[in-house]
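Okay, so chain A shows up in both of these, paired with chain B first and chain C after.
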Partner chain A sequence: MTANSTALAPASLFVGDVTLKGLEDDIYRPLESFPTTRWWLAISFTGALASIFALCAGITVTQGIGTWGNNNPVGWGWAIVNFVFWVGIGHAGTLISAILFLFRQRWRTGIARFAEAMTVFAVICAMQFPLFHTGRPWLAMFWLIPYPNDQGIYQNFRSPLEWDVFAVSTYGLVSLMFWYTGLIPDLATARDRAKHQFRKFVYGVLSLGWKGSNRAWSHYEKAYLLFAGLSTPLVLSVHSIVSFDFAVSVIPGWHTTIFPPYFVAGAIFSGFAMVATLIIILRKMFHLQHLITDNHLELMNKIIIATSLMVGYAYAMEFFMAWYSGVAYERYVFLNRALGPYAWAYWTMAICNVLAPQLLWFKKIRRTALLMYPVVLLVNVGMWFERFVIVVTSLHRDFLPSSWDYYKPTLVDIGLFVGSIGIFLTLMLLFCRFLPTIAATELKVVLAESRSEGGHRE
Partner chain B sequence: MSAEPSHAITDLIPAPRPCAGLRNAAVILVIVGGLLSVAALISDVHRARFGFAYLWAFSFVWAVALGALFFVGLQHLVHAVWSVAVRRIAEMFAGLIWLVAILFVPLLLYCIYNDRFGLYPWLDANKVAHDSLLSGKKAYLNLPFFTVRAVVFFALWIAFAAYFTGGSLKQDAGRGGVEVSLRMRRTAAPFMMLFAVTATFASIDWLMSLEPLWFSTIFGVYVFSGMVVTSLSIISIATVWLRSSGRLGRGIVGDGHLYNLGVLLFGFVCFWAYIAFSQYMLIWYGNIPEESFYLIRRLDGGWLVLSIALALVRFVIPFLALLSRPAKINATRLVWVSVLLLLGQFLDLYWLIMPQIHHDQPVVGWPEFGPPLLMLGALALYISHFLKRYLPLAVGDPLPEMPVFLLPHRFVRLSLEPSYTEAFESLARRFRHVLEN
Partner chain C sequence: MSRPTENTVGMVGLFDDPDALIRAAERVRDEGFTRWDCHTPFPVHGLDRAMGLKSSPVPTLALAAGFVGLLTAVALTGGLNVIDYPIRIAGKPIFSWQAFVPIYFELFVLFAALTLMASLFLFCGLGRWHSPLHDSDIMKHVTGHRFAIVLEATDRCYSEQNVRALLEETGCRDVRPLVEFEEEDSGIL
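On to the complex of A and B.
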């Protein structure tokens, strides 16, 4: 084969001479060595942040929701913003593991495990906000989950908030099971590599006695495919239902038909940005640049720019239709977004989500971790602001001008959000130390395949 | 490098030859459709119905051509390898877009002589003057701007179709190899952006503005999803037909290709349902009169049956028929599901367009048959013309390797070059035999 036509071949997923043994050693090294000082420093910091969450949650529970900034027109404040933000982040994992699997995208293997873990932790963070918004989380089970009771009182099944309970908990559970199913062969490897008896025992239990027999693999592959098939509609449904929280209402700025696909695109956008944000640090700290290569970053950046454009399309379409509809309230809400008291938030969102990702048109930026890093950080910020803009600007000036108000978060609001970041990062740090961050077994298959292809090419 | 293998692969598939049967059928369709159309046009009673029927049939061929153009662009964008074997078929349908542009001219003439046809209410100056909502939209909904937009849309689509289809045909002729492929990949991204904007506003202009008071932000995506299903259906039908008639050579388009087409079709059928449900559910739930009237009209009287049929034909039946994996490799099933989905597209467009003229119930009579027959005839004529001149396979594509499918999920990567068919005939059959037992 001439060098000419190989220009069209898919990019390599490995850098340098990667061997099966070397690959395994590199992935399992963090599990088998004592954490570095840097890791201890990092987890102390994130743990401290997480404790802020505990503190603010305590204040909320003991003193009530009045400690939050919610006011009369803005009945939903940071809590729902944070909820949607975290659920959105939780989208990349299952998209990578399910949809990219069905599309036979082999590059997903390098980042799938990490993204799935992120999904599970992000959903955990997301659930905190509606839970504490109920005021008495220990009673929430009775309020949220329909169960037969002698009072004959049931949840309002016509409320999208109730659909959320089902959608998010289903998504969380399926993501967790999908993640765990994928982990089983890798946990077995951790067990087989273990030197200490206790370690062998723990990983042995976790790997459910995996032996790697033909029959086990056959069942495993089948289960994985089924999970992928089941998760795919879930990826779309969760954020569609989250968007229904807003869109089934008749509030201008919330009630618009493009919301479901727009929210899904935004969720994938923010999820990929968060994966990129964290995986760049991971591959640097654990020296995994030869397994999570610049080619992986480039492909992720392409998805980021594609979804950024989809989100931009939705922003533009909302504005156009607000004008085209001729409805005075629709027009006012959108003008108020761009020029009103929250214009700063609106333009932050537009710049971070639509303008900044345009830098990724440059190949050099897509492929250089240091150059793309500011972009993905901005996307993380921008996607939080998107939810803020949707929630707060649509509410703060409602149909009755006498009740217009300006929403400001309180310290408790801020503490809960910062604290949830702490919970998320703490869980990520623990994950990096106790579980293989890359799907080692799957990656070995990809490595073997790419080698045999190299043979073909000659 | 490009010259030698393309010689080799062209030996494996038959040279282009005329398809007399298709051409004759096409000519008959064009004549019958044309006569019916003219008859409806000159009759004072049926003229308005003819106008709507023309828009209906026009939107169908438009969706075929533009959906195929999207398919071609998408394959370049994602650097797809498997689809090389079917991409030319999509390129063929994408090349139809210039014919669609010609077919748009009569539509524009109706708009100019709107007082006689009454297609778009916003063209009625009297009506606009007495309706503050309509006159508020005058900046967008006016004939000069409408025309300018249409010209820009068609100019862009024709340019891109010429670029992608022309580039691929150039490779067949041995001119331009890897460079052309790489350039098409680079162009695919900006193409997608322009496609999204133009397809959206074309759907708003031609379909949504039939009811100028109604609005839905998802409308462009709705039309797009139906468009992609339509083009995938027609590509699937053409692939199976060309394969069985021997025009694609032997072993080049395998079950794996059908499987992939089936997967995409299944995926976009679900996507259409998702978008349609999102639009319907949110409007129904919000229940604001200024947008719900559009749906109420389509759920009232005789239209209810059609709305239910739409859900069955466009989603429920194809979903169940394509769900299992063997179903997607079954050529017969793929074809009948695709035919059903093409009917579904006609149904969907009918559902969008016709309630504007027949308020109480769907009406189908001979005036509704003229334009669809005419345009299907034109489509068939175009295909027979294309196949007479060009190969239905992109033989000049310099892709280094193509997956030869043994089973839907198991394939070996092989060169597209001479070894391709040979490998499939000997090696693949042995593997297939082993795997099947």
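On to the complex of A and C.
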């Protein structure tokens, strides 16, 4: 790192006078105090939502996937929409933790841990949908993973759906390991701060006996850098492969080469919106405004507007290519998308994803949590609708007009989606309460460097 | 329960400033100590060099594992979809490696990442919970905001007076013996 970047960056990362001791106390306070009434209320609510998932999953398993709304011609309904939505949410976490790490963006430190946790939980939610759509999830392992068997029947590795199995499971595992590696030194701090014997034991086991030894740090830093290096192409590959589910097929509206970059940009867009949505509540709830500052929000908003423009460009380019291709089916799908029976969904998407984020050009809005909050909420909604539009409008009027239909989800569909939000938020709340939400160790480095004038040794 | 016995297994010098730690580490390295370590709340730049550490073999291992993953993927996809049960799809060649690239890539990353995690256990001593540092409250300082240098008594350069003098010379104002508590065999089993 150059002396220049250390001199410039840390100034904006903290508000007021932050000391090493104070920093640690602030980060570990939620772990070391009894949960507040607000937290209990919140987790009761999200727990109730999560139990809706259990209920609807139970209905799906006992009565079959006929309880879902998908049928000919819309063979892929909310399940795949939700799957792509959740995988996308996860992408911001990896972007923040890996790509911004490689680019030495010091501001990532404050929000990286939180975003990584979000990635892991979002992937957990995403996996539920392909798993339950198999009808018998307890057998899914045999259908999805190649295992030695006597029948001699194996998966088709040319299928994007099988690529998905490898991509998403690798992504989930690598994100989990990357996240946990980052947590180890912070868990060791939690262990050594612990007053209660039980707490000391639990964090002691979780921190795997970490001693902060420099012989360990020297390997650890290399491994962390390599995790970042592996995660960077991985995150780009995952949503590309998810987009292949559509792009490799021959359905008009899906069969386009723009899909991989378009999906990746959309994933980062929706992921950042979700990070912003949750972290604004987190910093308010745990009084961390001096560590997750308005500067952090502004930087995230800049990424949101950049990716919003990319997504907007992709929307426009899809229409252009449909016209330019001269293919009647392709043209019809896109006209139908904007003007057909699902026009309401299309324009919801366009307004939420392209128009609303334009407000972020104003510095005042970017830097004020209350003003930017509606925008990021709309982006979350819009990005769900984007996947809905792609999936449903391309299918509901297929090549044979006699089989055209209007797709509607059932209560079970809705319950599964709402329930998955419940699972996600419950996991987030547990995370905020039991694990350090800010990478204390990394923040100490930033703080130490900003205080020792040069910051640069060797 | 029998009374635990105390063994002095080394000497600890605690510093408040990473720069002082680096200077001390350079001294200890030059004195020829081999069984010693620095313990810090966060990675300190320049300390690897001050301790004379060799560069980590982790990247090489991860890369090698990545290629093992790649070969596994080639064997898996080719072996199952080409040799064992050839499926011809859309008139494409039976061995169309392009269709398997996503699997190749994912298994490269997966194997490399699993190796990274395993090498952390191997090289950083993760999963070894017992250490006199935990028993003797030294870790409280280290994971907080102080920096420690630990010299083990088993080192051939080690003698109590020497080490204490050495640490004090480098400006350390908090030198403590490192004590290990050992439960005596109660003789029941």
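In this text, the second predicted complex is superposed on the first by the 440 of 458 C-alpha atoms of A that agree within 3 Å, B and C clash if a C-alpha of one lies under 4 Å from a C-alpha of the other, contacts with A are read in each partner's own complex, and residues count from 1 in each chain.
Convention: a residue touches a chain if its C-beta (ideal position, glycine included) is under 8 Å from a C-beta of that chain, and two chains touch if they have at least 3 such contacts.
Predicted, not measured: the structure shown is a model, and the values here were computed from it.
Novice: Just checking: does A:67 make contact with chain B only, chain C only, both, or neither of them? Give me first, second, both or neither.
Specialist: After superposing on A, A:67 lies clear of both chain B and chain C.
Novice: Touching A:258, do we find chain B (first), chain C (second), both, or neither?
Specialist: first
Novice: Is A:307 contacted by the first partner chain B, the second partner chain C, both or neither?
Specialist: Touch partners of A:307: none, neither chain B nor chain C.
Novice: Can A:163 be said to touch chain B (first), chain C (second), both, or neither?
Specialist: In the superposed model, A:163 contacts chain C only, not chain B.
Novice: Could you say whether A:24 touches chain B, chain C, both of them, or neither, answering first, second, both or neither?
Specialist: After superposing on A, A:24 lies in contact with chain C but is clear of chain B.
Novice: Now for A:325: first (chain B), second (chain C), both, or neither, which partner does it touch?
Specialist: A:325 sits against chain B, while chain C stays out of touch.
Novice: On chain A, which partner touches more residues: chain B or chain C?
Specialist: Counted on chain A, the partner with more touching residues turns out to be C.
Novice: What is the contact status of A:317 with respect to chain B (first) and chain C (second): first, second, both, or neither?
Specialist: A:317: touches chain B, not chain C.
Novice: Take the contacts of chain A with chain B and those with chain C, and give the residues found in both.
Specialist: In the superposed arrangement, which is not itself an observed complex, chain A uses residues 233, 244, 456-457 for both chain B and chain C.
Novice: Of all residues in chain B, which touch chain A in the complex?
Specialist: Chain B residues touching chain A: 1, 79, 81, 133, 136-137, 140, 177-178, 181-182, 189, 193, 196-197, 200, 204, 213, 215-221, 263, 270, 274-275, 278-279, 281-283, 285-288, 290, 398-401, 409, 413-415.
Novice: In their complex, what parts of chain A are in touch with chain B?
Specialist: 1-2, 4-10, 102, 104, 233, 236, 240, 244, 247-250, 255-261, 309, 313-314, 317-318, 321, 324-327, 361, 453, 456-457
Novice: Using the touch definition up top, name the residues of chain C that touch chain A in the complex.
Specialist: Answer in residue numbers: 18-19, 22, 37-49, 51, 53, 55-56, 58-59, 62, 76-77, 80-81, 84-85, 87, 89, 92, 96, 99-100, 102-103, 105-107, 109-110, 112-114, 116-117, 119-121, 123-131, 133-134, 139-140, 142-145.
Novice: Quick one: which bits of chain A touch chain C in the complex? Just the residue numbers, please.
Specialist: Spelled out, the residues of chain A in touch with chain C are 20-21, 24, 146, 152-158, 162-163, 166-167, 170, 173-174, 177-178, 181, 184-185, 188-189, 191-193, 204-205, 208-223, 226-227, 230, 233-234, 237, 241, 244, 441-442, 444-445, 448, 452, 456-458.
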